[in-house]
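Down below are the structures I want you to see.
One chain, chain A, appears in both complexes that follow, with chain B as partner in the first and chain C in the second.
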Partner chain A sequence: MSTDNIIEIHKLTKVFGGVTAVFELDCTIKRGELLGIIGPNGSGKTTLVNLMTGFVKPTSGKILCNGKNITRMAAHKIIQLGIARTFQMVRPFYQLPAFKNMIIPLYSPRVKQMLGGRYGDRDAVALDLLEEVGFERDAYVAYKPAGALPQGYLKRLELAKAIALQPELIILDELFSGLSLAEVASIVPIIEKLRQKGKTIVMIEHRLKELFRIADRIMVLNFGCKIAQGTAEEVMASEEVKNAYLGSER
Partner chain B sequence: MKKRKERIDRGIKARSGDIFALSSWREMLYVAGPRLLPVILFLLLPLFLSPYWQRVMISLAVFALLAISWDMLAQSGMISLGQALFFGMGAYLSGIINHAWGIHPFITIPLATVFGGLICTLILLPVLRLRGIYFSMFTLILPLMLVRTIEATKVFGGTEGLSGMSPLPSGWLELYLIIIATLSVLFGFRRLMASDYGLVLKGIRDNDRSVTNAGINIYWFKAQALFLSSAVGAFAGAYMTHVYMFVGMPVFALDYSIMPIASAVVGGVGSFAGAILGASILVPLSELLRGIGGLRIVLYGLCLVIFIVAIPEGIFHYLQRKYQQVERWVDVDR
Partner chain C sequence: MFAGTLVYAIVNSFTLILLAIGFNLTFGISGVANFAYGALYVLSAYLSWMMMNLLGLPFFPSVILSILATTLFGALMYRLVLLRVRGQALSEVIATFGIGLSILELFRYLGFVGFEYTLPVFFDHSFIIAGTYIDMQRISIVVLGFLLVVLLWLFTHHTSTGLAFRGIAQDERTALTFGIDSDWIATLSVSLGAGLAAIAATIIIPLGSISPSEGYDVLIKALAVCIIGGLGSTGGVIAAGFFIGFAERFTDTYFGSHWTMIVSLIAILIVLVIKPSGLFGQQKELEERI
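== the complex of A and B ==
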């Protein structure tokens, strides 16, 4: 078992009633890479993330994290192993100020373990983390209720909540969706900085152009199966991928 | 010309919001006043009351404790319809211990508080995964089941109940102990829910997946909230056992489930102070209406409806807003 792979997935299948969301999927995530996962709507991308983080239990198959079997582990335990994710639908605690939204991840046992018990004031740590994802420190924005923030800031908040957990692997579920080009352009450097720190990143995206610019490797899903993987050029050259997105003439 | 209501925080409120840099007595009183007022009222009022109304005061404190206990659960995302379970569990535990071994109330009450809380938590542990109405239904059914079990199996005195419990040493002690307990729980829980720990509990109510996503075991936190809440309920029950020197099936009655919810809703959910305020209105009101006879419950219900329709946010939240904000009507620009 090589330690180069942070995640290894073997023959993973998930059936919801009569719908097979993920079917006998094999894949590995290498340490330090940025893996992009793409595919048409309903191809099983988010289900795959839910399976990896334990929010949904697989019908069959196996998931290993650093060689450890996490297939049936409770979600909160998997996250304590160093896998953090963001949600596609951001649902912050609307009435709380943005920085107070950071308290809950900072209360996590994972943070206590990584930073060693006492690490000072949670509020101060929260403001530092928010600054890291682009909340201007001296502006009022970090103190505003989360419900009053524009979408771009909500996505950054979601990202900051994942970073707060000091994860090895960060899974970003459609982080760019609903953002303007300028907003995406301002988040990309944050992701690149995370990579320089050695974090492994998985991005699920529909914004292919932006994703292809930063991803090392792309995996394409369709109807719960992997239909292609490789570099952006290789994937886009694949006939099967074109068919999946545009439909085939048959 | 259309007008709209504008609300502006008072200057002192804005300054005292999170940093206490208050320089004058006036400002300090502004912050401390609302906290001191109930303390002073609760501690001084019994001195001017007749023995009958002093008894009402004890009952008021008991319902206030149950309402706080309900509010605690509600703030953690669990809507309970069965506060009578906590109340009855505490009442029977201290009753049984005292009846069997004649142990002093000062020992039986803490024992019943801790073990009552533990037992209730263990009973409800399997349903912590249920959300919303499913959890509520379970809590509603449990006390009813226990009552029928006691009736059918005739354990713990059956329908007659157990009597002859030792009373508390003196009347004044009896009254002031529960008042002090109620105030301590009020301020203790308020502080707890304002801390980061409380934030996690409220987070579970708003979005439990997001809390799980922080690597926090939400069931462990829910169980802790449940224990705190049920221990407070059990304390109220255990206390009542020694005040009445009797424990029987009525301790599982629907009154002990519904009245706390009514108090918390009338007073305002989510502040604990609202729960006490609600109980302070509803319990004496129920006593005042006692002379009316048959229509008592109807009038009582009518009052409840009026409160809820007129001030749906709760009396406490209404007063708090009036205290902290200036309101004025301004023209709407078009």
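== the complex of A and C ==
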């Protein structure tokens, strides 16, 4: 097993009833890269994330993380290996202040293991993490109940919860959806900073323009199959990708 | 008469809170509506009775053993049955109700009915508060009910297992991404709920007797308190416990006891008409916000 691949996926298939969501997919995620996964609605992107993080068990195929087989591992164990994810639909503790929302990730088994139970003052750590994702320091916003936060901050909170787990790989499922251009522009530097720290990032995205600016590599899915991969220019030049997005003329 | 009614209304409120808190805990954490709850309450009382009267064990070891046994029973019920129908609310209700029905009707079939089936009071003593006779057992209900609520609050807010409990209560998938094993937490929630039912039985049964029909009664009362309070909300259970507890006793005194049941049912209807998710329930409003 080469050590520069953090994830290796072999012939992964998932069938839901009669629908094949992912079909014989082969792919690798290199350590330290930012991989963008795109594809039309229903092309199997989120299913792929759910498979990688153990939320859905594959029909067949194999997933390796750092050479270790995680194909049928339970979701709560996969996170221990350093794979964190965000959800498309944010689900914070609505009644708690934003920084108090970080208590569960900061008390999680993964963080305890990584930092040996010594994490200092958790409220301070929570505020630091929130600042890292763009909650203004010394502003009231971090103390507001999550239920009163606008969508942009809720997405940042979701990102902060994933970062809090000290993961190696962060999978962002449509982080940009529902955000304005300005909000996306302010989150992009946060993602770039994570990469500088050596984190591997996978982004599922429909906002192609913004994604292409930061991604090293793009993988395109359609009907559960990989139809193209490479740099943004390469995949957009592909006939198959054009057909998938625009429909083919036959 | 007013002062006496007030004292007994407080006792009644804490009785209801004790009855409902276990059901509420289980539902609040794992979303399992444990319809075997009343049966577990009765089961633990019969277990204590059998250990004391058939095996001749002293009171305290008997009740502690039966509380532990009921807790274990709850865990087994989850691992062996509920795990298989997890997430299907209707199947969970049917499965737990079936288990409860079997337990209660088994005891009825075996002939465990009569006034001799009861548990002893903790301290046989009574005194006068505000011109009203009140016995130590009723005082114990108030004190222990209060203590249990405080302990539960400390547990869910200040221990990491408690935090994990609240995490899964919020969102099971998010809990999984934080490395929390949701099946294990759900097992704990059902088993702790069962244990709380057993504790409630130990404290409340001495005032009456153990009978299979008590199981159905307890289930209905627990459901009423939880629905009025807002399913899964601890603050709601306390508020609803006092609401129904006071309504019942004051109806008894000023209108007659044949109105008691009607008043609490009307109270449920009024609350549900005005606030469909219960006094403190926020589920519905939050869903609407998204």
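FYI, the second predicted complex is superposed on the first by the 250 of 250 C-alpha atoms of A that agree within 3 Å, B and C clash if a C-alpha of one lies under 4 Å from a C-alpha of the other, contacts with A are read in each partner's own complex, and residues count from 1 in each chain.
One rule holds in what follows: a contact is a pair of C-beta atoms (placed from the backbone, for glycine too) under 8 Å apart; a residue touches a chain by one contact, two chains touch by 3 or more.
Nothing here was measured: the structure is a model prediction, and the numbers come from that model.
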| item | value |
| --- | --- |
| Superposition on chain A - do chain B and chain C clash or fit | clash |
| Chain B versus chain C as contact partner of A:R122, first or second or both or neither | first |
| Partner chain in contact with A:K100 - chain B first, chain C second, else both or neither | first |
| First, second, both or neither for A:F55, with chain B first and chain C second | both |
| Partner chain(s) touched by A:S108 [first = chain B, second = chain C, both, neither] | both |
| Touched partner set for A:A74, first chain B, second chain C, both or neither | both |
| Chain B versus chain C as contact partner of A:F223, first or second or both or neither | neither |
| Touched partner set for A:G147, first chain B, second chain C, both or neither | second |
| Residues on chain A lying within both footprints (that of chain B and that of chain C) | 53, 55, 74-77, 79-80, 84-85, 87, 91, 93, 103-105, 107-110, 161, 165 |
| Chain A contact footprint on chain B (complex, rising order) | 196-197, 199-200, 202-203, 206-207, 209-218 |
| Chain A - residues contacting chain B, complex | 53, 55, 74-77, 79-80, 84-85, 87, 91-93, 96, 100, 103-110, 122, 161, 164-165 |
| Chain C - residues contacting chain A, complex | 160, 163-164, 166-167, 170-171, 173-182, 282, 286, 289-290 |
| Complex contact set, residues of chain A against chain C | 53-55, 74-77, 79-80, 84-85, 87, 89, 91, 93-95, 103-105, 107-110, 147, 161-162, 165 |
